[in-house]
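Look at the two complexes coming up: chain A is in both, with chain B in one and chain C in the other.
Moving on, here comes the complex of A and B:
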């Protein structure tokens, strides 16, 4: 009996061992590239590390976090992230839904239109940020030239100036994300049973009514996922902002991701900042918490809405 | 009788037609909106700088192939393209290998610590520190002395693969376990089961993983920027293109910028033209089912 148990144990150990051999390559990368940075940040939240005239790493307790809560510019950048995120979502979601609805049937021409609208998703947002930087240039940019030549405007618009930079940024973000969300919606609409739609049509509902009373309610769960993806992804967008506006002018497009980044690395080659890793870690941990909080709040609110209906 | 019917249905048909026209216009506008910057990049890359900044014609007066020569040779884009290609190819291979090994074993075996591992993977998908996580990774690579080669960038971009691991895990679960059992009875080890049975059957999902890994690696900007801080000759294409914006005579180099941008987007456009359907279906497989 004892011998048998021993053999079982050995077999068990061998099985575990085999499993870990499979896991190791991925696990090493996961530990070093996903887990380690998070633990690193959680540690240095409590340390003074880098910064003006501070060479040594020193434990400072909650000082960094307290400084985050006092940092007005940071909270402004959080508000800007909301403006950016909600602006992007509010424009993209209805447009993407309408496009998905129109292009839902599997026809050749629809597929062609779909894959064209999806195109920006596969291109580098940094490289396209540079292209948009040229397109929206105030004096030589193509957009102003087209608008002036067609007589729509008489003076060049300073698209990347203080007043318009955020709108321009959101516009380019819509460009980059529209196809993505359209595809999500098409997948969602294809899951809504065609019988429900057909029976509504037979009962005399017109197209608008069918969309409003049948398709949208049945899309509910997927719509929730789509909105959540849209909100959380807005917190992570950085390379498009970095290339198009560098957060400027005068911080007009300084979103949280970029603000935190500046405590680690310079945003442009002309800028020279003293990195403050400890404080930067605190900023990024707080930002991750804010993003998490928004997601949780959103889930709560959307659940409440479910109860009402 | 016939006339009456016609009269009744004609306003209705009108409405349908108007709606149809509105739909077509809407889609057309959306298509133009998305494709215009791409066309501008490619057509613009053949113009002279003066034409780009001052002219208003859509087509170039003469096609300046020279722009590409200058970008490739003078701006050294040949080297950066090669860097990007090496990085993207390596990341794609590594991503496929690591995620398929892990996804397979998570779907098929129970082992000590499996639950903990899965919840760690899941939580890392939702906790996001953004670009600042590159700083500790860079430091680590430096202490391993990898920061002077492309390996640092390749490893960073491959990363934890949490989403892909779950994707492969879900797919492997849909393969009947009887196949494995039969193979084991025939004397296969778990490694042979993986290599001979599951791997050939997982081609579709690994294709999705490869496509997205390639896209992400080729398009990446921030990781490439930071991982090559100490070794500018290792810059990927995206970083080299964007840095033209900061060069001393940037105002006189729009044509080179656009040629660089075109060099950076044309390869992925080619991949897309062959695999657009896989990109689109892969996206929904990853986001909605995963």
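Moving on, here comes the complex of A and C:
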């Protein structure tokens, strides 16, 4: 019996030989770039380690994890991540859908508009951050100049100050990600059955009703994925925050990913600073758990979206 | 079937090439430390007599006489990059056997050095930076310069060899040739316009003048004060923290006499800073300001006062963001009520560290000596306004830029500036782990009005002392207590 099972297994391997070969690069990359760092981080959760050049690696047991739960600034950064993610999703999803709906037809002008809107997606977010700094800074930013010249405001707005910095960050994130989500929606809208839309129109449904009762419900499954991508990406957004505000003023824009990053790559040219890899790893693991929890909750809540078809 | 097998084999080979190609050491491609390129073989330097057997063994033998040894130098300094690059080009033209590759890293200097150290790819020579030096010192990463220096060189730099700073356990690791001190920079023209006759001597006057300028000239987009507050540590380490050294005799809140942290002396300054950064005084948008955008605004005549380093600003306003030299000047950092009980730290700069693990260590030293310690280089550096020389022979001989001649406080003043000892959290940076936000972030929360000053400082005292005691207990740090410490005559330990 065992002999036959082995033979069957060998036959199966031989049959899928090419598939295995093509899987190898991905497997190696996955193991070296995803799995290994995760295992590495899991190991250092239990150590106090200042990175290469540090005096020693000290086993501290669960102390790093306990410290995470005592760290008020970290939990505030998690709440800010939610604000940032929620704000971003709230604006970007309806806007991307509207643009996709308007530009869905394959016309030259639409293609041009789509490319223009998609362009920020392929731009470096660090460069984007710098450009937005020039636009938003309070002392000679272009946005303030335009608003003041048009008489809409009389005093420059401190866009990157304590009261407005988070809103400004959300705006830059929306600008940077809009094209991407628009493309997802265009792909989704093109899958919607034209017969269903035509039947609705024959039955007298206007544009708004067609969108609300036909297109949106039929976009359910893809909407679920888009929302999930938007939520999870909000947990990873870091570069534009770093360039624009560095998490300030006074942590007003300190999102979880940047807070974690600071422990791996402390930035100070003026004073001796060493990374805290152990604590950084603990923060990353807890953040991953929070993100996982949010995703699971979302998938549970959004199960309804799967039942459309 | 056969074609399928061939296809599979080709795909496999391609995958392997792709993967290992990506992971391969770039060394042979980019010619890093120790590689050579066409040119002439290594010359016999003037330090030949100082050559040790060990370094002789380490030195790679050029394959043929047409090869040049590549010496890599990394820097983090933008302000003198143009000058140094010109000197490097000149050196490369003259040199028969060595080619110097000069690379500028700025904000990511420390990270680049850390990664390179980890991979064994550090360059032969690096610009000295505290973090980089401290972090890799324990691994024997830096070369003892004494092993190559002749008596003349030792004598020439004797005044800048300071035990406890650059000479540790009888070994010399770097030679600073310039110094930098933190000062208050002000726009003379703006001061004149609003009728301020003298620069401020106290922090209260800074606040008063700042408010006056902002009130009177805000309509023209001119404000009294600005700080590069985007990074609290960068901003405060060139201003408040330095001022507090003179005002309280402590270093970053550490009292050397008592051997403990005491941040209570920060209260008055923090409360004044809170007002200084308020709307009626500071330039709007300071919260997200970096030092270079700040300098552009100062050069444009939009800022009355700001704090920075004396070595960098003359070069910046001469080359980077041109500004009429007659319009600005610098004064010592004002303290609360003008109180002074100690000296302030000055940074020993323009120093280079040599990678002890470089296969071309001896050649690297020769390049370092010929390039960065020659009188011509040091004189040009001082005269060009890239740094304030601290080498007596250069000070005597050079004809420094007008800025350094006319602006007294750009120079180092021994009656006010000294090398101060490091506080424990800086001396044992890897061993003392302070839980929670650091002193700069806490200061930030106070001056932005989000925290009560007394509670914040009490919390700092508790956390820093706790981490310090913990480190002593775990032997990851050691007690630093100097019972006879005199802030006016500080000693290094």
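The rule we apply is simple: the second predicted complex is superposed on the first by the 259 of 309 C-alpha atoms of A that agree within 3 Å, B and C clash if a C-alpha of one lies under 4 Å from a C-alpha of the other, contacts with A are read in each partner's own complex, and residues count from 1 in each chain.
Methods note: contacts are C-beta pairs under 8 Å (C-beta built on N, C-alpha and C of every residue); 3 or more make two chains touch, one makes a residue touch a chain.
Just so we're clear, the structure is a prediction, and the values are computed from it rather than from any experiment.
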Quiz item: In the superposed arrangement, which partner chain does A:239 touch: chain B (first), chain C (second), both, or neither?
Solution: first
Exercise. Quick one: classify A:133 as touching chain B (first), chain C (second), both or neither.
Key: both
Quiz prompt | Which superposed partner A:291 touches (first chain B, second chain C, both, neither) | solution = first
Exercise. Applying the touch criterion given at the start, work out whether A:115 contacts chain B, chain C, both or neither, answering first, second, both or neither.
Key: first
Quiz item: So, A:228: does it touch chain B (first), chain C (second), both, or neither?
Solution: neither
Practice problem: Tell me which of chain B and chain C touches more residues of chain A. | Solution: B
Exercise. Answer with first, second, both or neither: which of chain B and chain C does A:73 touch in the superposed model?
Key: second
Exercise. Have a look at where A:65 lands relative to chain B and chain C in the superposition and call it first, second, both or neither.
Key: neither
Practice problem: Examine A:160 and indicate which partner it touches, taking first as chain B and second as chain C; both and neither are also allowed. | Solution: second
Quiz item: A:274 contacts which: chain B (first), chain C (second), both, neither?
Solution: second
Quiz item: What is the shared patch of chain A, the residues that chain B and chain C both contact?
Solution: 18, 22, 25, 29, 133, 140, 265, 268-270
Self-check item: Complex interface listing, chain C residues touching chain A
Solution: 4, 7-8, 11-12, 15, 18-19, 76, 107, 109-111, 114, 117-118, 129-131, 134-136, 138-139, 141, 221, 229-234, 237-238, 252, 283-285, 287-289, 293, 297, 302, 422, 425-431, 433, 435-437, 441, 444-445, 448, 450, 474, 476
Self-check item: chain B to chain A touching residues, read off their complex
Solution: 19, 23, 26-27, 30-31, 33-35, 37-38, 40-41, 44, 52-54, 56, 94, 97-99, 101-102, 104-106, 109, 111-112, 114, 117, 120-121, 124, 126-137, 140, 155-156, 158-162, 165, 190-191, 194, 215, 218-222, 225-226, 229, 238-239, 241-246, 254, 257-258, 261, 264-265, 268-269, 271-272, 276-277, 279-280, 283-284, 287-288
Self-check item: chain A residues within the chain B interface of the complex
Solution: 15-16, 18-20, 22-23, 25-27, 29-30, 32-38, 40-41, 95, 98-99, 102-103, 111, 113-135, 140, 142, 145-146, 149, 175, 178-180, 183-184, 187-188, 207, 222, 225, 229, 232, 235-236, 238-239, 242-243, 257, 260-261, 263-265, 268-270, 277, 280-281, 284-285, 287-288, 291-292, 295
Quiz item: Which positions of chain A touch chain C when the two form their complex?
Solution: 17-18, 21-22, 24-25, 28-29, 48, 50-56, 58, 67, 70-73, 133, 137-141, 156, 158, 160-162, 165, 244-246, 248-251, 265, 267-274, 276, 279
